[in-house]
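Look for chain A in each of the two complexes below; its partner is chain B in the first and chain C in the second.
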Partner chain A sequence: METLQYAIRKLIYAIPLLFGVTFLSFILMVHFGPDLTYSILPKSATQEQIEEIRAELGYDLPFLQRYGKFMKEVVTLDFGSSTSSGEKVSSILKKAVPVSFLVALPAFILANLLGILLALYAANHRGRFPDKAVMVLAAIGMSISYLMVVIAFQLIFCTSYGLNWFPVQGWVEPPPDYPDATAGEIFYYYWYYYWSYVAVPTLASIFVALGYNTRFFRAVIVEELNRDYVRTARAYGVRNRKIMMKHVLKNAMIPISTRIIITLPFVVIAGNLVVEKFFGIPGVGLVTYDAITNGDLPIVKAVVTCTAVLYVLALILTDIVYKIIDPRISYSK
Partner chain B sequence: MTESAPKPVLRIRDLVVEFKTEMGVIRALDKISFEVMAGESLGIVGESGCGKSVTALSILKLIPSPPGRIAEGSIELDGIEVVSQPEHEMRKVRGALASMIFQEPMTALNPVFTIGNQMVEVIRVHQKVSKTKAKKQAIEMLRTVNIESPEKRIDQYPHELSGGMRQRVMIAMALSCSPKLLIADEPTTALDVTVQAQVMEEIKRLQQEMNMGLILITHDLGVIAESCSRVLVMYCGKIIEMAETGELYKNPRHPYTRGLLDSIPRVRKEKLKTLPTIKGMVPDLADLPKGCRFADRCPKVEDRCRTEEPPLEDTEGGGKVACFHPN
Partner chain C sequence: MMSFPRPLPLLGLLTCLAAVIGLTGCKKPFSDRAQDVSVFRFSDNGAPVTMDPVQSATQYANLMTTSIYDQLYEYKYLARPYELKPRLAEALPEVSEDGLLYTFRIKKGVRYSDHECFPGGRGREVVAGDFVYSMKRMFDPKNLPQGEWLWQGKIVGMDEWKKTGADYAQSIEGLRALDDHTIQIKLNKPFPQLTYTFAMGYSSFVPREAVELYGKEFGINPVGSGPYVLKSFTTKKAILMRNPNYREEFFNLEYEGYDPKKQSGLGLEKLDGNRLPIMDTAEVYFMKEEMSRWNSLNKGTEIHYGVIPIELTHMVTENLKPLKLKPDYEKKFTAMNLPELGIVYLYFNMSNPIIGHHPDPEQNRRNLLLRKAIRAGYDWPQRNRRYYNGIATIFPGTIPKGLDGYDETLGNESVTPDYEQAKRHLKEGGWTPENLPELDYNSVAGVRMTQLYEQFRGWMGKIGYPREKIKFVQYATFGDYNKAVKQKNCTLIGMAWGLDYPDAENVLQLFYGPNGSPGSNSSNFDDPEYNELFKKSIVMQPGPERTEIYRQLNKMIVDQVPAICGLSRNTLTVWHKNVVFLPSRNPHGSLLKYAYVFEDSKD
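This part shows the complex of A and B:
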């Protein structure tokens, strides 16, 4: 209950920040955004036609009015229609966002979980061989480009040059219409195709993220290990395993959870650009990629603004998680 | 003090502790030997960096390693050799045979767990009892160290307590499994002057009640005079003098000890926060002089002091001193 109140207060405090990021999005995407007049009109357009289109696009409105219009779009989550397909942006995103989550989440969870475990292992042996081995591997993982990893994994797992276990590209289609398919069979169908399309992107994303995560988490854990309370627990005979998994981990979770939450909006939206493009997965990443290449402004505007807003919400979430982990943070702050 | 023949709870023989540093391997402790009897309180004094904390930590094998290690010597706790004890066996020693109170009550407790959680954990490391029973014991222990309304305090977090109270919690934790030896490394340095005396009282009272051996490390020679029966003076990783407290204060034999005592102001009421200073620099452990380590600062230095190291020898006062020209 207290936590809920705290959350609400944090949300209220975040309102100026939300105004800030949306205003910034407006300035960059709309006020100084690209002028679409000439991409819509033929080169031979008359002055009247130009004026007509500009009025239609709202370019002739004064600054504040344009901002008001933009804010209305943000609040109603209605960013107009795609200039290339004519479909409503909101319905495009409604389809794409769950796909992105489904693609990104397994990798996101596993890369963080494995990162924490490896970091605990390395930190526990800090300065000795296992630590050095893990850190060298992390450095190698970090220095290989995302694109190379994706291509290599596709070659290994999805082509006849390698194991050829998975399809290279694509996404789950609705099941064929068998009249007597049971719910179990339908579930199995989705489950099977979901993993066949998600397995390789997941492996590639884990490969890329794991090095960064492990390095960061290890640094945090090693710092915690040098704290006095660790020595105290040891001096009173508490087992090393318990010191690591209870005392150190809970303290380390304060910075670790921040990082995890803060990276979430990026992993789901921006970070998946490469993966979704290369694996032909119709998520936000692919939609954004296509929108940028086609100059489809309403979509880009919607994605940029939503990312900014999500980022602010993620910041609030970190505050709430802090509050849950760390008793030193009082509710009144 | 009991009448039965005193038996050492701690016997350290020729202990050498080394640290790997950028300047090479340094000897933080160089062949130190001493004993602590059951129920006895031993004070350790010496300038910053002389190896007091390293001595305390090595008894529980808590020297951070790397860079440190116990290179030579023996540490016997209640008849058990600690040096060769594997790490997983040390659990039975730490907190049970010997326990420790640290200087910083602010940071020495885990900030994200309640007092009760941490106390129950320690009790259950050493005793097979249920959580409820351990919590009852913990509350009793808090009562023993004179914490008011322990039932309430036990569910609080360290940051909700004052410094003095936290140090009492530390004492309660350290003593919750009735150790035979309590090591207190500057237990009151971080506290307010008024609280210092109370916490010291507490330690002394409990030491007597539980007939524990006590090692008290402090910068405060006044506290040692009040609380310890024997004093050990360290300099640069060596023991340079050891004597009964009365004897040492009356009749300091080592020029360094004399210097320390001379520089105490006559008016004792004003307690010393830091050890009085003696002019000159402490030599670097990585670059020790060949002979006596105190030679550069000693008023009685002669040629021999620069070439030979004085051994720790018995004095007629019943103590020991390492000097060619003791008083």
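This part shows the complex of A and C:
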């Protein structure tokens, strides 16, 4: 009950925050963002046509009226239609968000899981060779640019210059229309192509994220290992694995879970532009990038707003998780 | 000694890797079924955002609209120079003697693809009224049309129709459907290029029912009568399926302009007699990332057609002129040096008195000498070597090779660097490093663009132009850049122009005074003599007299230097050996219906 009250309170407190974020993003998009008028202007135009386009796009409206329209869209979560394609923004996001989510999910889970395990391993061997080896590898992972990793992994796993195991680009299409296809065959089709397209992006994402995760998690665990209760437990002869898994890891989970949860909005909506661009995955990262370069404000507004909302929700979720991890935490005033 | 940890992380990683790699050994889904669908996988370096014909300004959008919709005409697949042939029209138009009245008859019995927008879901017959409706859409501001300029001021009553509120119920005097299969167009003044414009995606036949059903989303739900229907679309890939309602159309090698001397060895003979479209499915991959595109192509089992990235030219090719691939690639690919029907320029903003037109005749003369000096320092051959593999075509003036009006006798002085000559021009104009004006070189932001700017600045250094007086102004997007150009805020403007149709009028209009910004004349060149001569030429039918005028206009561009021109880019295209295809860009629309994969890869 206390947590629920806290969550509601946080949600109410988040309203001014959301207001601020949307206002700032509106200013940035409207006054400093690209002007679609001149992107879609015919090769030869007249001033009259420029005015017509501006009127059609609503650029000729006064600032307050435009902002009011935007706020209405935010409140109703109806961002209208893309100015480039005419497609409803909700329909675009409905298609793109699940794709980004499905691409990012395996990497998100594995990079965090492996990061924790590697961090435990390194922290447990603090200052010795295994620790140094893990840290060097983590530093390598952090030092190479994501773009380079993506290109290299694509070259290694997807091309005839390398192993040629996976497709270079693409995403799962609806299965062929065989009337006698069984549910098992359809399931196998989706499973097979999902992993075909997601494997290399996942490996590349893990390669990059693992370095950052491991270093961060290790630092947290090492700090925990220096605490008195660990020394006491060891003095009592508690087994090392039990100390690590039951006590150290559990206490380290608060900062770890903060880091994990805070990246959730990226998994859910923000997408991964580099991966999506290079592997031809029609996810929300690509949609957002195209919208920014095309000056498609309805899409940009929707993505910014949804990301802001998800961040607020992620922060609330973090507080709830704290309570689950450590019931002693109290949110009462 | 502590026993923890066990090799869990390693084990976890290995398990994941094994699971993923294990896929490579798995049987492909449905691999035991007969694969009787033929597929051609085309790729392009950009993506359309809409397939609404009124917005098919880009080559990517035009590719899609001309695949899905019908136009009155199209270009013969193999004929060079380009030659029109009827598509939905029965024949070339009947034109009145004064060149003002055009009558087009369209084929009978052509049907739209089946779609829920039609009663009973069955595609209805394409009628002349659809054309009238589609052209009206082009003049309706609500559709944000991009091709209106082609017909603006040319069709009787069209502009007035727009001004009075674009009411679709209102008829237009100059655009009428005489019956279901006859279209009549009345012009304000002769427009000999009219028929060419009806081969562009803009002039597609669109069914009103579909527009009304989808409203704003019509652009992503195209319904046409062309060879293909859209199965799925994202900005990364479009899948086109054979339109079951597509009329009987067979490939005739001779009619399409086959030239055995130039085109043998490409297997084009295999196309003869095939019903179009040849392949059941055409998949179009929109791949901006050159390396990904190449990797996909080189893999052998993915896309069939692509280009050699400029960075890999020397790895893949043995020779560029003529194009020859290295043996490993020669075994896999057919290659072709694909010329562009277009031109790359550097415009001077002539409305800027520091370098362009000036009311004072003396200053005007000095400005002309300054422009001539800058041009004499401009090293097209070096630009060609560094950025276009040395295979681009450099030519004087603005009319590219192969077009009526191209002047072989025009000397190459205007495209050959001559630093001493440049210095002489500066001296003659009284220009010194101290009084030379500060110039802004404008471009969309990017590494390549920065390199082009630095190269230009280097050349200017050679003619004695102080480096610090040439500033680089970058814009985040093309829209921002275009805005600055259209508002006449730029002095030096790097641009390219792809021809809409194979007639020099399309490039000469770029220097016609009344077309100044925001019109297509980005140089804002406004010379009364040029304007008069151009006005005279645009109503003339092709012939020696018009050719002569085109040449004079072209020479005026060379003499007055409103732009440093020109260069036509070439692209190194490759496609798999088991594919019969002859690529072409503008003015051709979609060529997907001709592609033939005679031994499809089994994937």
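Points to keep in mind about this one:
Going forward, the second predicted complex is superposed on the first by the 276 of 333 C-alpha atoms of A that agree within 3 Å, B and C clash if a C-alpha of one lies under 4 Å from a C-alpha of the other, contacts with A are read in each partner's own complex, and residues count from 1 in each chain.
In this text, a contact is a pair of C-beta atoms (placed from the backbone, for glycine too) under 8 Å apart; a residue touches a chain by one contact, two chains touch by 3 or more.
Here the structure is a predicted model, which means the values were calculated and not measured.
Counting the residues of chain A that each partner touches, chain B and chain C differ, and the larger count belongs to C. In the superposition on chain A, A:Lys132 makes contact with neither chain B nor chain C. In the superposition on chain A, contact of A:Gln49 is made with chain C only, not with chain B. When both complexes are overlaid on chain A, the residue A:Pro176 reaches chain C alone and has no touch with chain B. Once the two complexes are overlaid on the shared chain, A:Asp326 sits against chain B while remaining clear of chain C.
Of the two partner chains, neither chain B nor chain C is touched by A:Lys72. Of the two partner chains placed by the overlay, only chain C lies in contact with A:Ile40; chain B stays clear of it.
Once the two complexes are overlaid on the shared chain, A:Tyr229 sits against chain B while remaining clear of chain C.
By the touch criterion defined above, A:Lys250 lies against chain B but remains apart from chain C after alignment on the C-alpha atoms of chain A.
When the two complexes are overlaid on their common chain A, residue A:Asn240 makes contact with chain B and with chain C alike. In the superposition on the C-alpha atoms of chain A, the part of chain A touched by chain B in one complex and by chain C in the other spans residues 239-240. Listing the residues of chain C that touch chain A in their complex gives 2-5, 8-9, 12-13, 16-17, 19-21, 23-24, 26, 28-30, 33, 37, 47, 49-50, 52, 55, 57, 141-142, 144-149, 215-220, 232, 234-237, 239, 285, 287-289, 291-292, 295-296, 298-300, 302, 476-480, 482-483, 486, 500, 509, 515, 518-520. By the touch rule above, chain A contacts chain B in their complex via residues 127, 227-229, 231-240, 242, 246-247, 250-251, 325-328.
If you check the complex, the residues on chain B that touch chain A are 60, 62, 66, 87, 90-96, 99-100, 102, 104, 107-113, 118, 121-122, 125-126, 157, 159, 170, 173-174. If you check the complex, the residues on chain A that touch chain C are 34-47, 49-50, 52-53, 55-56, 81-82, 84-88, 91, 95, 110, 113-114, 117-118, 120-121, 124, 151, 154-155, 158-161, 164-171, 173-176, 178, 181, 185, 188-189, 192-193, 195-196, 199, 202-203, 239-241, 244, 277-282, 286-287, 290, 293-296.
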